[in-house]
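In what comes next, subunit A is part of two complexes: it sits with subunit B in the first one and with subunit C in the second one.
Entry: the complex of A and B
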């Protein structure tokens, strides 16, 4: 084991020098001031673009984001309209490909169309709800990661900067307390505090503030991921602080604040962002799980987890389309983020290469 | 050996402040709920101000919060988690947990065994046949295991086996172990597949990368030069060394397993701890929520200590350096 340790270090060191060295195609840029940074970026892109699985992951995510953004244009119907089947005029889950009709209050047919992916238990078009649900799910997954990334890495950066001081201890012990909880158990416990659904708080200065349910869910799941980012960031900052340039900056009288903000954080952010791309998938899974338990997004809003939750009562009666499509879309989304995140990590840190 | 004991004591002492912090957060956060716990609990049925006052008195909610916490923590330290607030029950939280823990423990244990049985060989195969067809196949399986939501996999198993193939035990209600061992195990097959496969992907990925590191180590080349067979090298040397970091993943994976158990129990309608937590949230039964969350937290803190100690025992570098 001990030898392995040294070997890994040697390996990284060699790879590191290789990365920093001038490759033939970047020789022309040699005289520019940003050569070092640029060649790193080029190396990053070179590593990344050879990873076909990761490119595929990126393409999947791009496509899904476009689908979610263009939901109002792409969706054939509103996610709330309740269609009837033309045969017996009932709102029941209609099979994919069924002719469906929309009637107004007087029973006149307003619209006649086909439900390509079927309808749900109250007659809403599944395809349209999938597109709007994807929107909700992506917004929550990305917001969770951004929120916890910002809070977590700030806390971690401060802790790492003042390594072994009381600030470091205070911050990291709080993180230790949050860390052991399984994400959904912690999120559920926190939801016990903030309650489910929109709540209006009367605050001293701001007056009454209405907090929408979606914001609560984002906040509650973010708490789970804050310690993870804090740990990664702290580790990165501690390593960065050993660099010679920090001493140099101190010698010329730079303040702690300046060193931390304009140098240390800037240099360590890429590794944390990559870590973030790896967490989008799990954050999505946690939010879908919460909605599946009926504790996340509330009806009638469309979310993939909630659609799965509603479909549970129809599993035994054979309405398979109700549960198959939302789950498949969640799986594809998570797969895309996992492939993308793995590729980004491999490209940044060659040690991991070939580890999908 | 002495240093291992020292390490155990040090590691356990470090867990005390964590546990104290966890218990304070668990206790405190439910009192932050807007509107006060009793009002929220009673919101579904009309209650007069006096009724609410009565309940508050019964539940000792008029004491200062530190007194309430002290009482609760003191009882919890003695293994007594209080009584359910739910008006219909009033049962001891301990009894509720004890009633439901065998099922969750059985589900978690069997899933863990399945996950290790799939994950470790898949990881070894992937590393030994790196970049060959077997490796690609193992990687696709591992990646799908990580990406497919376990609760959806459970529903799909019911759709395919329970509904299409009409296998009764794919969807029927759960039978306690004491009633029928085979019946009980049969009903757990699909939940265990649901939970175990998701977790096996995590283990397979970690095992593969650690195994690759180990196989590239200098001592492997030395062993090869000494004429030791490849089989011995893979299983005796590399796999043994690769397993140490994987142990950590198994420890951390417990959290994932608990998440999964919560969802799997809901999908298959199994009366375990997870289901109790979900129904308690719906009922706003704060004592039960606090009890379960504390119980889960203690299990995690203890299992983390066990993993750390095992790690230190297997890898002398950590215990010699004092570790953390």
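Entry: the complex of A and C
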């Protein structure tokens, strides 16, 4: 009984000081008012860094991007130079770690070096081609995701904003038509339309425009991913539109444009960014798939998919390094993007926000 | 129509289509939810009009129609003598500035990714006022609603419910409105904080000459805040009267039942009260005649005949403001009512009854 009395007394006392110390708001939550003001970015970083896997994913991606950017410096050779093996001076595949030589037209040795990851069937240095191939592949993967994310989420946002109107139906039905195609099949069909290799178009205002092959590949794979982003964005916007603050903005007289851009999209972008980071991996895979089928990047340009494709004929003949290294690099890249995406999702998910 | 009248609502109807599917739309008659089914009233400058009713009776829809978030199916709303449809863009701008709304759910009425300073500034930006002094204005408003100006750069999740509602009020006040439409302003808050917010609103009304329209299901909130009260049931007004008259001398059987359902501080009295039987009928297919007849203790055959849908009529020549929609209103006045009304005429009934 006595203790209880003290407890109650203490409780009342604390309550009293609480009331007194928080000046204008008796309902103020003491904890919340004493925490230092924290921006959402800091909040995000705090959530993100707690997860080791996300950190690992971020580190992998950072490393790969640096490798791709610095390919000209890091690569020991040009990706196109053909080396001969030093023992018999022939253009045939060199095992990893063997000596290789580069000769000029007169048969003089220009360079003698070691092929750390071996050479391919025409004597090109695999390590150099991997670095340049990573470059091509990352450019395609990221460009595809950025293109389709921007177009898809804008379309989805407009559709969700004008939910159930004709514009929503028009946009989403088109998306529904594109959506069910397997990505490779649709990409092949579209490549059939735009053609493979660089094409020049003469346009009325812009004059002649040369569209390089890489741009075409980015374009066709982007089309495949646009509906996925549109759907995610539309769903997020529809949920967001039910919030009272949208009505509040309307009653203030805010234009649709302002509401959509400055409020709705700001709040829904995290969900498509998460989706985007997860799709970089599959977009990479799609571009590698196209290359594998001979429809993507054209030789002699290096790309991971193309290298894998070339290695197909050598799997049983014992030249394992043709396929293992590009395959491994694709796997690591996709793993990195997936870990990054998971980390982003966990850190940006509203369920985790404001709990710390 | 006098200069004092800000809002003039006549014969307002708002139906929502129920079925969405294409097949339904073309093959069947679409079901319509009759949220508001013929409501007429006026709001005068400086007064506080309350609308009270059970959930689902259409009071929030009425608020949304008043602030032009919904287009009425039928009937008209005039603001300062002019119909909404006839507003030119300048008049719409000034309407959007003069009439502001405070929302029910303070968690959803603030954008979670914007600081409260950004939220409060938005109306000023949209209307282009206080161009050079918006930061000071934000601090001033925060202080006015009882929050520390130092909170300006915090995010909504750092505040309690009551504090968020204060921010919502500050946002509404930022453009110097004349009318505040309060849609359940305190129903999401703890009871202790409800009183603080209501007192704040009353202070603001006195200081800034505001006109209030209060939507609430809580009779005590209505009694505390309002000069005039409308009782709503299934999209129609049952009774409208000055607040003191309505609470001391209710005429409509529904009003009596509502007042009867108020929690009594004295348990002995609570046992005597009679509550309504059954549930509110579906607003898709409201009862014919008087919508209340299915639950009314006074209902007779003729109440259900559709030609007998009662209009709001003055019952007393001396009190123009007191109108009741009931064909049995004479019997009600003669105290023939079976519902035992405990809400006495004098206010100190509880103690007397308890003593006896």
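Assume the second predicted complex is superposed on the first by the 306 of 356 C-alpha atoms of A that agree within 3 Å, B and C clash if a C-alpha of one lies under 4 Å from a C-alpha of the other, contacts with A are read in each partner's own complex, and residues count from 1 in each chain.
As a convention for this text, a contact is a pair of C-beta atoms (placed from the backbone, for glycine too) under 8 Å apart; a residue touches a chain by one contact, two chains touch by 3 or more.
Owing to the predicted nature of the structure, the values given are computational and were not obtained by experimental measurement.
Engineer: Touch test for A:164: subunit B only (first), subunit C only (second), both, or neither?
Structural biologist: A:164 contacts subunit C only, not subunit B.
Engineer: Return first, second, both or neither, reflecting whether A:197 touches subunit B, subunit C, both chains, or no partner chain.
Structural biologist: Neither: A:197 stays clear of subunit B and subunit C.
Engineer: Pick one for A:76: touches subunit B only (first), subunit C only (second), both, or neither.
Structural biologist: neither
Engineer: Specify the partner with more touching residues on subunit A, choosing between subunit B and subunit C.
Structural biologist: On the superposition, B touches more of the residues of subunit A.
Engineer: For A:266 in the superposed arrangement: first (subunit B), second (subunit C), both or neither?
Structural biologist: After superposition on chain A, A:266 lies in contact with subunit C alone.
Engineer: Touch test for A:247: subunit B only (first), subunit C only (second), both, or neither?
Structural biologist: A:247 contacts subunit C only, not subunit B.
Engineer: Touch test for A:258: subunit B only (first), subunit C only (second), both, or neither?
Structural biologist: In the superposed model, A:258 contacts subunit C only, not subunit B.
Engineer: Residue by residue on subunit A, keep only those touching subunit B in one complex and subunit C in the other, then list them.
Structural biologist: 354
Engineer: Using the touch rule from the top, collect the residues of subunit C that touch subunit A in their complex.
Structural biologist: Residues in contact with subunit A: 20, 64, 67-69, 92-93, 96-97, 99-101, 103-105, 108-114, 119, 122-123, 126-127, 143, 146-148, 151, 153-155, 157-163, 168, 171, 175, 190, 192-193, 196.
Engineer: For subunit B, which residues count as touching subunit A in their complex?
Structural biologist: Checking each residue of subunit B against subunit A gives 17-18, 21-22, 25-26, 29-30, 32-34, 40, 130-131, 139, 143-144, 146-149, 151-152, 155-156, 158-159, 162-163, 171, 205, 208-209, 212-214, 216-219, 241, 244, 255-256, 258-259, 262-263, 266-267, 277-278, 281-282, 284, 286, 289, 292-293, 296-297, 300-301, 304, 315, 317.
Engineer: Hey, which residues of subunit A end up touching subunit C in the complex?
Structural biologist: 23-29, 32-33, 35, 37, 40, 164, 243-245, 247-254, 258, 263, 266-267, 350, 353-354
Engineer: Which residues of subunit A touch subunit B in the complex?
Structural biologist: 1-5, 7-8, 173-174, 176-177, 180-185, 188-195, 199, 201, 281, 285-286, 288-289, 292-295, 308, 311-312, 315-316, 318, 320, 323-324, 326-327, 330-331, 334-335, 338-339, 352, 354-356
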